[in-house]
Every structure is written in C-alpha cells, then in structure tokens.
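Right, one structure below, let's go through it.
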Amino acid sequence: MISLTTNTGGLKLESPAILASGILDENGYTMKRILDEGAGAVVTKSIGTEERNGYFSPVVAPEGSYLINAMGLPNPGIDFFRDEINIALKSGKPIIGSIFASNTDDFLKLALKMQDYGVSAVELNLSCPHVQGFGSEVGSDPVLVKDIVKNLKGTLKIPVWSKLSPNVTSISEIARASSESDALVLINTVRAMAIDVESKRPVLTNVYGGLSGKAIKPVGLRCVYEARKECDIDIIGVGGIYNYRDALEYIMAGASAFQIGTALMEYGRKVFGDIAMDLESYLKKNNVANIKELVGVAVQ
Amino acid sequence: MISLTTNTGGLKLESPAILASGILDENGYTMKRILDEGAGAVVTKSIGTEERNGYFSPVVAPEGSYLINAMGLPNPGIDFFRDEINIALKSGKPIIGSIFASNTDDFLKLALKMQDYGVSAVELNLSCPHVQGFGSEVGSDPVLVKDIVKNLKGTLKIPVWSKLSPNVTSISEIARASSESDALVLINTVRAMAIDVESKRPVLTNVYGGLSGKAIKPVGLRCVYEARKECDIDIIGVGGIYNYRDALEYIMAGASAFQIGTALMEYGRKVFGDIAMDLESYLKKNNVANIKELVGVAVQ
Amino acid sequence: MEHIEVKRKKVDTPTVASLYFEWDARVLPGQFIMVWVPGLGEVPMSLSKTGKEKCITVKAYGESTGKLAKTEVGELITLRGPYGKPFKKSGGDILLIGGGSGMASLRPLINRRSTGIIASRTPEELLFSEEFNADKRIEVTEDGRKGIKGIVLDGMDMVNPEDFSMIYVCGPERMLKAVYDKIKDKNVNAQFSLERSMKCGIGLCDSCSVNGYQVCVDGPVFDMNQLRDMTEFGTSKLLASGKRVKI
Amino acid sequence: MEHIEVKRKKVDTPTVASLYFEWDARVLPGQFIMVWVPGLGEVPMSLSKTGKEKCITVKAYGESTGKLAKTEVGELITLRGPYGKPFKKSGGDILLIGGGSGMASLRPLINRRSTGIIASRTPEELLFSEEFNADKRIEVTEDGRKGIKGIVLDGMDMVNPEDFSMIYVCGPERMLKAVYDKIKDKNVNAQFSLERSMKCGIGLCDSCSVNGYQVCVDGPVFDMNQLRDMTEFGTSKLLASGKRVKI
C-alpha cells in the first residue's frame, strides 16, 4: 500500500502538500476549498494583533519564472479572523495559524487565540522580508527567536512551527535558536526588488519585496539541507515547488512535508491534487511504500 | 553626442559592460578576445596565493533561467598568473585583478603582485559562497572587511573594488564596512544547491554552490539599491544581466557600471557588444547624452 | 509589464473616458488587464474593445482611475495581462445588461442581434447606448431624465428574458445579485461578470475570492450554475485588510 | 539533466564500449554531451550515432570513463546537452582520419564514399574500421600487427588528400596538429574536432579555450582557417587549475 501519509511537526497529514502562508488563505471559504480540492493542510495568512490594510498596489511584480511581492502583511487582526477559521475548519483537515508580531508577548497572545479558534498548529512568521519591525527583523535575532519559541512551547498545547528567512548570514544559527520548535518551515521569500525602466521607479509601492517561485528553489533546498545537517528536527520545505520532482528534491534534502505558494500562479488550486497524484505514481514505480523513506536520502 | 563612457571606481571605461570574475577569464587569450569583441573591461578569475584545481566535476548545474556553480576557486596561483595578464593587457583595455585570501596579509600580497603585473584595479572577492575559509566567510565579518580594505587602500596605488555577497543578514552593514573602497561590486552568487532526484544525491560534487543568472537579478538590484541608500560610493552592478533593460534597471538603482557572467551561457561573448549597442540606441531615443545621467534615478 | 501608447481618446461621459491603443495580445470579451498608474496604484480594467485595436473605458472613481482617465494621446499606459476567463459566445438574440462602467466589458459583445439595458444615475452617464440599434436600446436613468426612470430591474420589465439565447450582465455586485434573483428561476442562460477588488490579478492574494473561487482567474465571468452555490455572492466580501463586511 | 536508459551495448575493443539509447534530442555529427557518473565526475562524450537511436562510445581512460564503460543494458545514463557546433556536411569523396577514441565522433560521417584512416596502438584497439568499405579502409597500428605500421601520418601517405572534397579529423591534439601541419599548405578543405578538457560544456569556465575560442561552444569542430591563427593549438593548454603547460 503506497502512502503519502506523513507525521510531521506534531501533525498527521494525509498528504505532505500544504498551502503556504499568504497565498489564498485570507478568506475562510478559499481555505476550505483548497483543502477540499486536495491540500494536506493550509497555513493561514499571517495574522497580527491589529487590522492592517497592507501596502498600496502594485503589491506584486510577476515574471516568467518568479514573483516579487510586497503585500505588507494585510490582515483583519486576530479577533476578526476567528470567523474565517471557523469556515475553514468545516473541511475537517488541519489548519495551521500563521502569526506575526514584534515581541514574545504578542506572539503568545496571538498563538493562544489561534489555539482557541481550533487550529492544529501555529506557524511563527519570523521571516517576512519587507515589513519594518516584523518578520525577518525579528527572525534574524537568535536570542529573540529562542525566547519566543521557548515561551510558546511552554504555554501552548498545540505544536509550534517556526518559519525562517533565507536572508541571514547563517541559517544554521537561526535553526539552532529555534530548534525547540516542532518543525522548521524553510524558506520565506528572498528580499528583492524590481525597477520599471520606462517610468524609472521601483515597481512595488513598498520598493522592497520578497522573491518567490522557481527562482528560489535552489536557495530553499540549500537552507533545508543546511538545517537538516544542523539539527534533528522536522522540516517543512517551501520555495519554488511546482511539481512532484521539485517536491522530491526537498524531501530528499530532508523535508518531511512541503508547502506551495507561487506555483498557483501557473497551475491554480489543482496543483495540490496533481502533485499528490504524481508522487503516488512515483512511489509505485519506484517501489517505495511510504514517502517517509525518502526523507533526507540525499544528505551526505 | 551619445556616450557610454563612464568614470567609475577610479577607472575610465569606454563601455560600462564588464566581464564578471570567474567567467572566461582564466586564460589570457580569452580575456583579450572578450575585450577586443566589446567589453569595457574584464575582471580576472579570482586568484589566490597557491595553485588550486577546484572541485571535481560536476561543477555546474545549468537550468533554464539560472545556473548553480561550485568551481571551487581553481586558479594557478598568483605567480603563474602573470603570463595570462600579460597576454590580456595587449588589448589595451582595463584588466581588473580579482583576488581571494583568508586574511589581510595575503590579500595585500596578492594585490601588490596584481598591481605589479599592470592591472588597472583589484577586486576583492569577499563573497564566494562555496569555499570554506574564503569568500563570504571572510566577507561576512565587517571588522575583517574593514581591516582588509583599509590596509589595501593605504598601500596600493591602483583602485580597490570590494565584491560583496548577498548571503548576509545586512548588506548595508557590510557596505559600510567596505566604504573606503573605490567601488562596491554587487552581487556575487546566492548560496544554493540542486538535487538529482534519479540518483538521489546533490548534483554538485561540492553539494553547495552559487546561484547566478536571471533568477538573482531581483536580489542583485535590491542589494545595489540598499547600498546606494547606505553610502555614497561607486557601485558596479552584477547578477542576472542579460540585456540592456536589465542593465538599465541596475543603473537606475544606482550602479554606474555593470558586470555580466551567466548571460554568456545564453548569448555568448557577443553579449557585451550587443548590450552596448542597445544602450546607445536607448540613449539616443530618449535624448540622454550620457548614461551617467541615469545612475540612481529610480532611488526614492 | 508592457508600456503601450494611447493612440486615440474619447470622453464618453462627464466621468468616463475611453483610451484606444494597439496591443498585439490576444484578448477575448470579458477579460481584463491590470493597469498601473505609477505613484497611485494598480487597477483592474476590462477591455472594451478586443480586436486589433484595444480599448479601456475608465470611470474616474478614485485617485488611480482619476489619473488614468486623464491620460492623453501619445502618453503610455503600463499594464499586465490579459487575465481572466472570457464570456462564452452565444448565437441568436442576446441581452446585455450593464450598470455604470459595467457596460465597458459588455461592449465587445454588442452586435446586430443584441438588446441592451443600459442603466445609470443620469442621462449623461449612459455608456455606449448609442452603439446598440435604436430599437434594441433600453435606457434607464435614476433621475428619469432619459428613458425609463428607475433601476436596471425596471428596464428588465420591458423584455421577456426567456426570449434571449443568452443574457450577459455586468455592474456593481448588488445589481448583479438583483438581476440574478430576478431570473434565477426562469428558463434562461446568463453570464455575470463580477467586479471584486483585486490586488494581484493572478490568483494568489485571495482579495477577490467568492466562496473559494478567484474572480481574477476563475472569473470574472460566472454562469448561473456557478453562482447558485456562492453564499458570498451579493452578501459579503473582504476589505483590503481581509476584514469581512456586508455588501 | 536527463536520465536515459541504455538499450543496447557493444564492447568494441578491449577498452572501448558503445552504449546505445533512445533520446529524442536533435543531434548532429560532431556534437557532444556531458555525461555524469555520480560520485566520480562529468565527462564530455561525442555522439557516435546521431539518428533516432543515439550512441556514445566510451574509452575507459580514467575513473569516470572506466565506470561509464561498465554501464549495463537497462541502467540509466545521466546527461545534459547536446552541445557544440557540428561538422559541416560535404558531398563527394571524403576522408575521415581518426586516432583512438576520436573515431567516435567521426562515425556518423561514415558512408559509401568515405575513406577512413584509422589509427591505434594495437589491432585490437582499431575502432569502427569495419564500418568502412573494405577498399576504403586504411588501418594503422603502432605495433604493426595489422595494416600499416606507424602513426596516422604514415596512413596519410597512402592517399592524396587533394582527392577529397573534405577531410574530417579527430583525435589527440598532437595528432591533429601533425595532420594540420601536413596539409596546411595543400589545396584541401578540412575540419578538425578538438578535445580539450571541459568543466562546464557551456562556454563559461574557460578550461577548454584555444585563443579565446571556447571548444565547447565555438567548437569542437574548427576549420583550417580558424586554426590558422590559433597559436595555442597543439602547443599549450591550461591544467584544471588554470596553470599553462605545453602540450
């Protein structure tokens, strides 16, 4: 019996293909649909303590093989997000609540509310590269990261995932700092920008944004591989996964599940079902009983 | 009179299109040909104190829109490089000697030899992402960088360029540390890797390599833009420049010249002449007398 | 992103202008583009002409559209796309129902056999009604100074919806919902073009979603069957922040 | 990178094996691929068949080629390419001059009107000579146990180079240079396929360059005119480190 079932980061997933935070996960109905259509779990949009509109458009700069975005962490604030989670929960599959804050107290407050709303785990956004005071500004400070993870782990009943940034001198150092988490999620976007030559100005209203899609797969793989060698902890791979071979690269580098974001720009919501199907065929063809057997096999 | 002539980093260039270090610049005859065929200058392969064979192949993993390489700093050692520079100098155009070392003394020794050989400037490789003890391991330490630059500037008669890595938490910090240089060269490759799903192992013999080409243009632009805002110093842009529009993006972000590497994989040596010609047409069409007028116009 | 010169301009109503340009993309009626107004924002715009010559018809609504409507001949517009699924074609007699700038996306469907119900607040704002045959043009104004006094629904009473092989509807969502409710139990085929606020246009940001369908990629055109299960249609939407509000 | 199953294998000589496979790339005679032997290295290999069925002919030289030559039917080879500029075709009588594994790249050119000078150390190592017409086959062995005793140049004395519309040459660079010197002042057309050590195969690393031309992208095939100005041809090359040595 071929199986894609995975236990990772304290959760049991029917499929290792998870929707990444920030893509089609603001509206409860959308999350529910994506789960119904084949994702193993969804991570919500990153939610903070207060309502934020995000940046003025343009907030995305799409290119052939990549995307740069600076949404600016739009979110209704944690209190208004309960209803969306309620809608999404009707799918019966795991919802992972992504949260962002600039200090331990706020992270704790947000995480407790998420737990209260019924999510299966929280994912700490320690890595958004384009909002001052949040994300990677927090996530590049190992002392602060350690403190946040420690406090949350000490208080929450549900698993804690830490989503890290590739925009650091040493991913190993930050991986170590967050090694009390139930899983590392690698990677968030790479800090980047684009200029419009015609109008002679940056394309994104915020100037700086995050690079995602095909272009960052080699960077994401490297971070997963480095973290795998650094600490013995579950890893969720993310960055430029478009098909089952990309997913297998991440799995062989040490990830036990993976998230998909930008590929939706090319393949739409069906990408989750398609990849799961292709992975199953691959396992069958190669006589592998469970996808778990492939985790980390390329690590030397 | 339309002009591409640029004064940057202490040099006068007929064209701002420079060959990047490590691509077709190990053999003196090749460098000479590239200059004869239209490059404004060439940067040599990074040269160290001792002979190195580099890594066993595979040393490159080419993909559609990018390349990952781990050559491993092959070089004949500084003493054997004199002859190659002699051959290249016959072109009459500027040669920039790239050097790598793990400490200030070695950098100084290498730079003095390069100066002795007749190069127009030295470029410090503070940024190779895949050789232990060199490159970005040196270049991510602001104190060491400052010391190296200071010593070289105090001793050399020719300009000193610092080539920096994007694999750091803060490019601004390293830019500041190297701000006594005559120019910053941004960026070297992004640390990355690839896995071959069939053989279940990393493609590159060294496992880790550097990502270059189209995929890193948004990262290079961001680094140039950040450094431009941080300090008032000449910047040479490099990373994913394939055509004149890519070059213009870098120029508008604050670069006064640019280097080209991976694009040779797609367009060959003629890319230098082609881009220069296209830039000239652009200037003509847009009534810009000198390319200098466009430097940094997109910076907000 | 592409930069394209405006070749021709026509001020259609006091608040609406059409910008004509040549663009070699293949576009079908119902599809839209994202137009960037540097410094102000990026806005979705339907193509109101989809042949060799393309056109966008802009209602000066807020800052971005206000500036865009002021674009002059010879200036460039910056755009990406085309995006979205087009209207499905239909032979025979068709009915086009447009409210406000909604007529823009319906315009490429106007032909000899199309009847139009064109609704607006004032006569000056009636858009493209002159492009319908005089005998197939039902104008509706709120102030009643031209055509029928009232709203779109009042215009619909002038025809039998079941006489048409297809009904195409575009306008504010509340209007769409009203039309939908009026015809949902009749024996008709209809397609509705929805306008939800859009940040990305490419199916990633979730700001345009209706019951899990992205208006920007699954729409903007939906048929009656698709709308039947959409509990969010005409009732609630998310603000820029993601906060849910009633429509 | 592509992974392709070996369909057929033939041991051509004690040290040379041919691996046959189906690969839907368009390849022309003279082009090559980079073959990866995991854990050992990546090596350039000419295609010795370029039709629907492809073939590489491997001489077990060092570790990588040694392992590659041991690949069995049903196993996969991992490759990228094809790379390089092919031989230019020529009608009429042609002369193929191959030393050692150099015959591999010449093999797709063998036809009714081709004369071959096939050189090797021993009779056992003569490669593909049986594919020439018996009367158009000049074998040369260093030990003299078969054909002419001597080196390629001795074989060349058996023909008049000017009788051929084109001469194709492939083998070690010193052999190429000797052939080149022998015919350079004659009234002949010739193409030489160079074998320089290659790290990247795509024109970036400079390890294969001869006077600024990259053998991997500008070559491997060069004609007499191109070689005329190449002062490095047959005289010096760079080692893996970039250190210049005499050939």
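As written, the chain order gives the labels A, B, C and D, with residue 1 at the start of each chain.
By definition in this document, a residue touches a chain if its C-beta (ideal position, glycine included) is under 8 Å from a C-beta of that chain, and two chains touch if they have at least 3 such contacts.
This is a predicted model, so every value here is computed, not measured.
Each chain gets a centre from the mean of its Cα atoms; the one farthest from the centre of chain A is D. The centroid of the Cα atoms in chain C and the matching centroid in chain D are 65 Å apart.
Annotation: 36 Å between the Cα-based centres of chain B and chain D. For the pair chain A and chain D, the distance between mean C-alpha positions equals 51 Å. Touching two or more other chains at once are residues 201 of chain A.
Looking at chain C, no residue sits in touch with two or more other chains. Chain contact topology: the protein chains form an open path, each linked only to its neighbours in the line. Listed by label, the pairs of touching chains are A-B, A-C, B-D. Taken together, the chain D residues at the contact with chain B in this complex read 1, 3, 34, 36, 38-43, 76, 78, 80, 199-207, 209-214, 217, 231-232, 238-244.
By the touch rule above, chain B contacts chain D in their complex via residues 23-27, 29-30, 32-34, 45, 51-54, 56-62, 67, 69, 71, 74-77, 80-81, 83-84, 196, 198-199, 201, 203, 205, 261-262, 264-265, 268. If you check the complex, the residues on chain B that touch chain A are 64-66, 68, 140, 167-169, 190-195, 197, 200-202, 207-208, 211, 214-216, 218-219, 221-222, 225, 245, 248-249, 252-253, 294, 297-298, 300.
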